[in-house]
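Next up: the structures, one after another.
Across the two complexes that follow, subunit A remains constant while its partner is subunit B and subsequently subunit C.
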Partner chain A sequence: MSEKQRQFLTGAEVVVQACLDAGATQMYGYPITPGTEVLTGWINQVDKLEDKMYLQTEDEIAAGFAICGAVMGGKKAFTATAGPGTTLMQDAMSMADGMRLPFVAIIIQRGGPSSGTVIYSQQEVNLAIHGGNGEGMRLVYSPSNLEEMYELTRLTFNNAWKYRFPSVLLSDGFLMKTRQPVELNFEIENVEPTALVSPEVQKNIRNIYSFEEELRLELENQEKDFNKMAEEVTKSESYKVEDCDELIIAHGIVAGAVKEAIEELESQGKKVGLFRPITLSPFPKDELNKLAKQVKRLFVVESSMGQLRDLVKQNLDSKISIEIDGLYRPAVGIESEEIIKAINK
Partner chain B sequence: MAKEAKFCPGCGHPIVLRFLHMILREKELESKAVLGLDIGCSLLAWDFLPVNTFQTHHGRVTSTMVGYKRAQPNSLSFAYTGDGGAYAIGMQSLMWAAIRNEPITVIVVNNSNYAMTGGQQAPTSFKGQITDTSPSGCGDEPVFGPELVRQVNKKAFIARTAVNDPKQVKEYLEKAIEAQQNGNFAMVEFLSYCPLNWKTVGIETNNYLNDNLKMLFPVGEF
Partner chain C sequence: MMYKILLAGDGGQGIQTLSYLICNTAFKNGLEVSHIPNYGLEQKGGVSMAYIKISDKAITYPKFSKPDFLLIMSDQARDRTADYQQSGVEIIDIKDHVDFFKENNVEPYSRNIFFLSKISEMLEKQEIIKKQEIFEALEEKLSKKRGWEENHRVWNLA
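Let's look at the complex of A and B:
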């Protein structure tokens, strides 16, 4: 398909379409709201196909490790999960961290801790990036609408296979269920998968090191590769930031409400801009610092107690001293009115 | 050929691995074989054989090889694990791989303890066995893995042997490979030496295997 086509799709349908178009051939998963619809959607699409498969595993741990095995065998394999499932997925994702496996996870956040609520949240940011027992060198995309979700899902697969860091498309149950008219950008070329272990070349691969120094060197190399990837993939959006006085920072679906709020604040004579990290990891540090230098206040808005704020603080240049306020609403949706009120307070 | 062993002198692991390699070579299956390793003393085999080998996580080698085999159906996929990896932390995935009759070969090395971590109680520790985590003697009955797995899969090749019976070791490994080639799950448990944690030397190690493990765990096909 070459030209854009108008369709009426849910977020889950968009993700499934993107996985198919990305050339994914295997899905391993375990049902959990609100990730289930990606699993069932995928199954409906591939059930009768010879070259694509799915496996409903006994748990997320098995799904995750089967993905590790499948990607080593050269298949674009992925999972979709949420909440407690994201927690269980970490063991396998840590192996993928250590062995540089192109592990793709669609993480559809739900309210936590524990089983919490099933629809909406932005509380799995830390888990997506730092859920493993290591340094959190993962690629994490946070789309804020369905068209972007399509594009970023495609990029999640492409960059996973190109750079070989575990890669996450981080969304939420609300966006998954949203049905919207969309025009999808099909003009993205796929990165082809290659087997890490195949009959042609013999490899002996480890993830356990006998000496601390060996592991340190391995991590040093990983960090170099990660920083190189960062130069090429880091993405953000800056909205109405020209001569704004205050900068709101938000990611994912929340950024939509922020834009509405900014329009309204503008009509009240306030100059407020939005900075939206599209890659939460690697974080768009340079853009953040450039903007932070030119405003009086940073204002984080998120459906979490501060997981995005912490990323902002980590990435803010130590020479910049600036006030950071925020509207933190863990596991609940945020309307533009609340944002306006909070900014005006 | 096989590298110098990282295993303790007198360990049973290299016996199983050398037989596996011998069979693969005889049958010209070396390049098709992929050896996934659990974490335990199994991990020491990562560069032991000139076949594709990778380490995984503790208890997770079965699931990993399920995925590998589904990606490369023409491969010969081996999940190589200790009894702790197989019957404690990885039991759920072992059972489910068997229930789904995944065409992989699981090799379980049963030395009746957690060897890599220094000799703690394992699911195969026998009643009364003194270990670091059962100083007054293990209170539980051991897990009989092959017998249990047989309950959920009638087609699989499932057997137990001991590393001091080379003829049977070879026979069962060959049958377990054939089973996978015919599209079936296979699992062989090897009663194996762990002189370090058994605190045995020389012939004592063989005696320990005969007097304790072999008395308790029946060998044969199930």
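Let's look at the complex of A and C:
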């Protein structure tokens, strides 16, 4: 498919299409709601194809380490998981952090802690960014709608292979289960995978070091590379920010509800804008600080107890003194009416 | 134009199928539409809901706190949707049709068709989708399956 055409798809169908178009060849995973449809959708698509494969492993730990092995051999592999599955996945993702593996994970947030609820939350932000032991330098995208989810899934693969940091497409069960008309942008070129090790290229890629200094040097180099990558991949959206008095900060599907709320607030004569980090890691701090200087108040809206707010605080210039309020609704959806009420309070 | 529909019933009553028929017809008519299902852990017997938005403008968020129309197809769905039963919301509730179903021998498996017919009528009145177009989508899906004659009768009854 090369031209844009209007299709009526669910989020899971969009993600599977993006993985196929990204040139992924294998998926290893364990079914868990609300991510199961990515696994079953992938199986339905590739079952009869000779050059693509899947394996339902015994758990997420096995799936994660299968990804580590496959990507070292130069295969575009990925997994999809959620909730307690994301917790188990951290063992392998932490190894990928240490070894700079192009590990691609589609994480579909559900309510927590533990098994929690099965459809929706925004509570896996911390886990996606910093889930392992150590600092865990990862690229994390948070799409807000289905068309963007397609593009960001493609970018997740491309940038994982280009920059060699574990890369996450972080979404939620609402977006994954929503069916909407979409026109997908197929005009994205793929970054081709190359084997990290092979009979010709023998290399010792380590996740353990004998001396503390060796590890420190390795981490310093990783940080340097991550910061360099940040200059090229960091993405954000600023919506109706010209002359706004207040700035709402939201990510993912919640930002869609914020846009609805802003339309209504505008008709009430309020000047409210939206800042939406598209990459949660690296965080678009320059754009945030630029906008924070222009407004009287920052207002964070999220379906967690403050995981996005903490990112905002970490990235806010210490010289900027500004009020930060918020609407924190862990594990439930946030409708525009609620946001309007909270802003007007 | 932005029209918000919430369908609620027990798992197995066909809530998601009704939703798909409505949404797919809206999609084919070039409208903006979103459908998001909501159900719990139960494989069968829990509450099944469908949030639908139909608009001529882009839809940025698929859920809502106040529908324009609410369908209630069971007792537990009535309890679950208590917050949505607000003034100004047009509600069709199965409890108001119990006698009608008895008098007209409408079997439980066909009751969703009766409600789909009612909803289609309402969408036509709102000038959003023509009733005939939803019927054609239904016909395409069910006409070759067992029980179609009865389903067709119930559609016309509504």
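Definition applied: the second predicted complex is superposed on the first by the 344 of 345 C-alpha atoms of A that agree within 3 Å, B and C clash if a C-alpha of one lies under 4 Å from a C-alpha of the other, contacts with A are read in each partner's own complex, and residues count from 1 in each chain.
Operating definition for what follows: contacts are C-beta pairs under 8 Å (C-beta built on N, C-alpha and C of every residue); 3 or more make two chains touch, one makes a residue touch a chain.
None of the values given here were measured: they were computed from a predicted structure.
Contacts of A:Gly333 after superposition: subunit C is touched, whereas subunit B is not reached. By the touch criterion stated above, A:Gln202 is placed in contact with subunit B alone, subunit C being left untouched. Residue contacts after overlaying the shared chain place A:Ala62 against subunit B, while subunit C stays out of touching range. Of the two partner chains placed around the shared chain by superposition, neither subunit B nor subunit C is touched by A:Asn185. Contacts of A:Gly256 after superposition: subunit C is touched, whereas subunit B is not reached. Which of subunit B and subunit C touches more residues of subunit A is settled by the count: it is B. Once chain A of one complex is fitted onto chain A of the other, the partner contacts of A:Gln26 are limited to subunit B, with no touch recorded for subunit C. Put simply, subunit C touches subunit A in their complex at residues 20, 23-24, 27, 32-38, 40-41, 59-66. Against subunit C, the residues of subunit A that register as touching in their complex are 8, 118-119, 144-145, 174, 177-181, 253, 256-257, 259-260, 333, 335-338. Those residues of subunit B that touch subunit A in the shared complex are 31-32, 34, 36, 39, 43, 46-47, 50-57, 60, 63-72, 75, 92-93, 95-96.
Contact residues on subunit A toward subunit B in their complex (touch as defined above): 26, 28, 53, 55, 57-59, 61-75, 77, 91-92, 94-95, 99, 195, 197-200, 202-208.
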